[in-house]
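Shown next, in structure tokens, is the structure this report addresses.
Residue numbering begins at 1 within each chain, and the chains themselves are lettered A, B, C, D, E and F in the order written.
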């Protein structure tokens, strides 16, 4: 193919000529081989400029275009779309940054000019090695698999299910509802009961777009965004296991949490002293509306102990303060004869209305005791003695009953599921989000989303928000009838050269590389690859090519840098 | 995210001591013969002399008649054993049970290649033996008889000899040091040549000894002591060796002077067990340029050496495999212009591997250094030095 | 009789001066030539552009660190040289370059090719010999006498094509007694004549193929017979082939230095021929033993089918072999026979097609019809 | 013809942080030494020994690799791998007898235009002080 | 819903995320922002906790995406005036102030700043630096184009009607004094409110000495002080210049007054300690806190790490800042009534997050209530956390209450999810 | 030689002539020796010298190459190249002292079922006389 390169130097108004001798640049470039035309233009990114470029490409029958102007961050896309409109593959274009990197950085005009020449020359040499890349389109399946039938899972399923999108929800226990279904009240300061969950479950069960699988677990998930296949194991009543395969476009992990095992640390006295309860057991008491000691008597005093397992786990579980307050409210409201002592390390009430809830409890006569560290909980005859340290002094309180609030910990299947889904865990053992701040419900595997306490301790409204967030993500990426366009500048493996050492596989964060075990070579899944080039950097034999950032392309730049 | 199953390494206290009156090599061969006869293995990978010639090569031995040619410890290392093992085991699990009798450096190469998926160890039992070193291949090729005699002498005395390959003279891993990854080790030291000591170093190895009815009842102390003595001597030598090479390299153009005679045949790479690539990056078209680019370089430099990129090849190859270099010396043996490739690589790898706290081929479970990282490491390479400990963030 | 220039100087000096003046006057932009490296005695090819660097050039040094045909092809693989460059090549190197140009692996344009009547090159191993200088003066003595020097490569010792083809200028060396007094340059082409105008010598008419040269040719032909005999290939068929190649390490150095083996990835290094578990199993069952890595002979025979017809017998392969296999001799033997069958002389003409890439309808008519 | 030595420095900048930082330096009109030529790569992990070594052997007086700060990588972990590879390379270049600080790894974020300028200027000063890469005139490379 | 258009008010991190998701799903988004740039408060931060990531690196690609997305129509310097109609069919009046700079012509070269004769405090930089009447908020602002402050500009405020310094300097004919404020009417199906937060005004509490002692800083001031693209380019140069040996960081400023815990101050206060330790490793840093509120799986680790680095944590019940000649003294009382006095060179106040001042007006025009704290109230705190009292209007990010970036982004994505689910 | 010896012969057949011819032989129920194992290629020109060599070195007792008659090639001229390749192999075998009868080239057209039967039978007989390929037992290849 004949190479006809068009080189266009944008003056960017006065910005570039101020520091760069554009005419000299034009003159230098025109002597280069394979450069068909070199022209300067006042402002390439303007409409006139775009029109000019379009005409040039068509008229001069250019095979490659180099524009020397501003940063690719500013106008790479602009000019690429001009190329596209003019029938030139947009990847046969190179933008050379002579504004930010030359004109604005180098005060000496001569130096800036020669630097610009250097850069443009590199751009011309580079563009000759460009390949016309084509966007691909992949058909998608818009159905969704929700793993976990707790509150988060239910909410996500409800939000997503519709005539154009089926939702499969799988739950390992016998029924939907999860942890939240056992709570006495979810809304402490408003006091309403938790039948809403029931309503939601009913709504799900009646929906024709939802497929509920109880007693089920995922065995295998493979594929990528828009094209996953999952194998589901369902335990039937007689001990048998039924296996089925479903096709979905996205997966939502809503596997919830477990409670910290209080027996792990003797200081909580749990399991040793009678009448030391954990939060769930106390919830049950509230549900049965009977607050009684083991002996059957009503307690005279109850201690609510915060932060059990916080130190062991290394994080604050966020919700315990509030539900302890809920207990306090309940006791004061319904059993005013019971004295309530609340042993607190730090109040964690980060919501605009929670503080007032605390103030109200205070007004109701709850005795808040600050402790720096819990030392011991032991039974002394009828009573439970709790020793703790505050301001470096030891104190103790004695009560009839102690309710200990355990930390939230990852649910037991988390590690196994992470392996199945090929997504990472964080140091606390929860699933790790793609980006803690900006992408809180995504995972490195595009199309697999996380919600609720699978990600870490969360309160109910946060979990619900996240469920909606996952549905938002899925709605926008898997639109029925639309195809997805994966990144174009991805890595590519030359099978002949690949030795199958799997080095690339181990450095790829996104799991975009797999092994074809029959051929013994690595394979890039272009739908997953984001094009960072880490695999290219790791491959010793040069069997991987990162499109648009190939070795020859970069070497051309290096060579010209060294001219 | 597959997790390699851990195979435990037994710190050996007990093994089997066998009399070697018949000759060390004979005893070893007899053990293997027995194992084959009892169908503990289907074949043995072992060096053998090619009949009618002085050449040695690796054979997969199944037919008993071939034992006539087998030699567990030939005077030279022809093909690196790791490479030989890789040549037939990389494309999947073997159907046969194979025992591979390799020198320690070959075992280590095999383990490195195993990590790189170039060796499948599923049905392979690795047997290592105390290695006195090997003779330079070129010496052997020009005078096989004399070299054989010299080697026999070394093997009897277990003393250092100038006639051994330089890297063998300073080899630290000539034996089972602290948990090499072989399944069974054959100690030739310990009552030099009167006895041999079989030390199991994995459950597989132990089972093998039991199956052969040798058991593990004898103390291996004697072997241990002697081995340690020899190791101490070698460690002394290696320091001097490294110092000397550093001095040479630190001269102006030191590196280039050493590689000056290079004719770009890439023999060093082709025989290197760790250069496992189908096509070397430095042979690929990625570094081909137009004549103008070369002219430009020639003009810049006044003269441009041909073949092109010879030095890039060596330094680049070093950057690729130095962390896995087992200092086996194969490269130096194969060099037609006698460049001390292996000595140089050995010096560099010794330091680099220390930096990365990695000894290649010691352990099947260690992750390869460049496939792994920790967040707090190597902060000093960043400039300006900003080594603040980061908030704990999840690795993988 | 051919046109020539005679310079009253030691041959190597005369050539040196001639090239330097070309470079000084920028008639050529670079000289592709053997050069002594600093400090170490190593010699390698260099493309010299700086007249200062040219001082270290040793144009006629009897050493071939790489077949220069391969090096030039490497240089011009992606395009022709833009400016004139002089290249000093030995006859077999020119032939190699021609073969590569045929396969579009190089480009002849803009090269001024200078060659010599070649007395052969020393083996690679001699470079590390301590009394190298002595060896070299012995070499030149034998060249003057048109003898076969024993420390040259085996392939050189039996090389009968030591008169260059396709050279613009040929330096007389073999059998030239007064090598140390005068430099005789034969001008074979108009291009050679044009450039030679810069040489400060007198025009003469001389004969290239002197009696001495013819004698040497004959001597070498005899030697070839002898060496081929020695390899023993062909006597007992497969067994002798196996024995000849038995020490092979599989380093493929021979293919790597071979100018005709131009592939970036050799098929024998590729996955195509690797063992898989199944194949291993059946072979092992059948034979009761198996050499590994296997495919040793397949490599050598296969390589022979690929390039023996174009083998220019430069001897690089033998020289590079770490286990002293006489590769070049075996290949020369096969090559000679094949070249006869196809009536092909490798490196003669860049326009002539490679035997594998062409055919005549009427040839070998009897084959396939029995 | 003693000309003042002006080094040739190759700078590999990651697209997301360091290149943006360099742009910011430009748009803030910060003066930056012209001896560094910028090559944009998507992630610092793309820059391996092949690229750095060839730059050095082909005569770069210095090579700067800049990426996102640890933990900030657009591709999550790329820069950790880049750092490891770089640590290895530092060891390797030692035997070329080059000053080890002819190659430099720096973390430059998108907001650190000023830091970009400082790092580049300082690096250019350092390299100028060191003088040309001896390999530039080495005919063997 | 008849309308496939959505209005997003506020182009901070939440507003941008919601817009991007909706646009990707194929809806048209009107993104209305009152400032001249997008990015909200996040772009003011140098780094964000807990992983100390560079905020600009994090946000810039998102900003680019918003500006380059064909489906997102960004209106800058704009405010919502009134809203009529109901879910599925809102009619919204948006008042768009004139920028006096053409975004089409301007290329952001900055030639116009120099000649402008007027200097004034830069609000973006908490008035710690000066800007011209025509300026961008900070280097790297997006869109990369200045705006003219009509109150400061001599020509526009009438003080010097013939001033055209900037116009003359501009090579692109980008300055357009003829621009007028305008009101546009939008038809949208849903509205997402992402108006963000403001900070509690610490000058109302004299015990902290803000305004009196120059080296008492607010959190936002410190963020800019530390920022590489801020007024000191990241140098910790104090207003009353002196070396920093000791710093006091006071939490919970305004918590009592506002009646809630903002949930983020503990973490960002610790981030400050981290910054200072980085720049001045020898500095003594005192974190004065009440309850440490550090929920989330990785936050406590951050705290532990700081403690290991020698940052002092001190719980107080009552606190007071006094000072003389630039030497500051922090007097704190603990729960036992014990008093402790600490000498510092610098005090940073971490104020509560409050609703922006114009929330009330917006609440009225949208017809949705505010709760007792002044933030917009939502239907049901726990089960419908982002649905406002009015159908089709969603409240996300700090408009709903104080929260961190992660939660804001979650809510943004959730709002998009709600809208899209509704459409389905 | 054991009369029961059954050689292993690999035959590479071109798709258009020889394979059709072989098929025809089958349809006509001609007797083709069971020692022949056919491998179909599109053109005899595809029969790489390496196919032949590899088959031979792996222990095939004979290797047959078959294609269309000269001038009949479905791809115009492929078989001329095949012929040259065969000459090359043949010459190589001869020069190196290998048993050149172990390889052979035959032209068999689509209609020549008879010829196919004839050459295969003849070749099998010839190979039988020659005995097993010693290569199949050779370990040190």
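The working rule: contacts are C-beta pairs under 8 Å (C-beta built on N, C-alpha and C of every residue); 3 or more make two chains touch, one makes a residue touch a chain.
No experiment lies behind these values; they were computed from the predicted model shown.
J.: Can you tell me which chain lies farthest from chain C, using the average of the Cα atoms as each chain's centre?
T.: E
J.: Report back the single chain whose CA centre is most distant from the CA centre of chain F.
T.: E
J.: Go ahead and note the Å separation of the Cα centroids belonging to chain A and chain E.
T.: One centre to the other, that is 24 Å.
J.: At what distance in angstrom does the C-alpha mean of chain D lie from that of chain A?
T.: Measuring from centre to centre gives 32 Å for this pair.
J.: Could you state the distance in Å from the CA-based centre of chain C to that of chain F?
T.: 37
J.: When the centre of a chain is set as the mean of its C-alpha atoms, what distance in Å lies between chain A and chain F?
T.: 62
J.: Would you mind listing the residues of chain A that make contact with two or more other chains?
T.: 73, 426-427, 496-497, 507, 520, 538, 542, 551, 555, 559
J.: Two or more other chains touching the same residue: where does that happen in chain D?
T.: Residues 20, 27, 29, 50, 54, 58-59, 69, 71, 74, 77, 81, 85, 139-140.
J.: If I count partner chains per residue in chain E, which residues reach a count of at least 2?
T.: Expected reply: 50-53, 58, 144, 298, 301.
J.: Within the complex, which stretch of chain B touches chain D?
T.: Where chain B meets chain D, its residues are 249-256, 259-260, 281, 286-287, 297, 300-305, 309-312, 315-316, 318-320, 322-323, 344, 348, 351-352, 355-356, 369-370, 372-375, 377-378, 381-384, 386, 390-391, 393, 395-396.
J.: Please name which positions on chain A make contact with chain E in the complex.
T.: 12-15, 43, 45-46, 70, 73-74, 77, 159-160, 162-165, 186-187, 190, 196, 310, 314-318, 346-356, 359, 370, 390-391, 426-428, 430, 435-441, 455-457, 459-462, 464-473, 475-477, 479, 482
J.: Residues of chain D touching chain B in their complex?
T.: 49-50, 53-54, 57-59, 69-71, 77, 80-81, 83-92, 95-97, 101, 104-107, 119, 123, 134, 136-141
J.: Give every residue of chain E touching chain A within the complex, in rising order.
T.: 13, 17, 21-22, 24-26, 48, 50-51, 53, 58-59, 62, 64, 68, 105, 107, 109, 111, 144, 171-172, 255, 259-264, 291-301, 304, 334-336, 338, 371-373, 375, 380-386, 401-407, 409-418, 420-421, 424
J.: Can you check the complex and tell me which residues of chain C touch chain B?
T.: 29-30, 32, 35, 37-40, 42, 44-50, 52-53, 65-66, 68, 70-71, 74-83, 124-125, 127-128, 242-243, 246-247, 249-253, 256-257, 264-265, 269-271, 274-278, 280-281, 284, 287-294, 319-324
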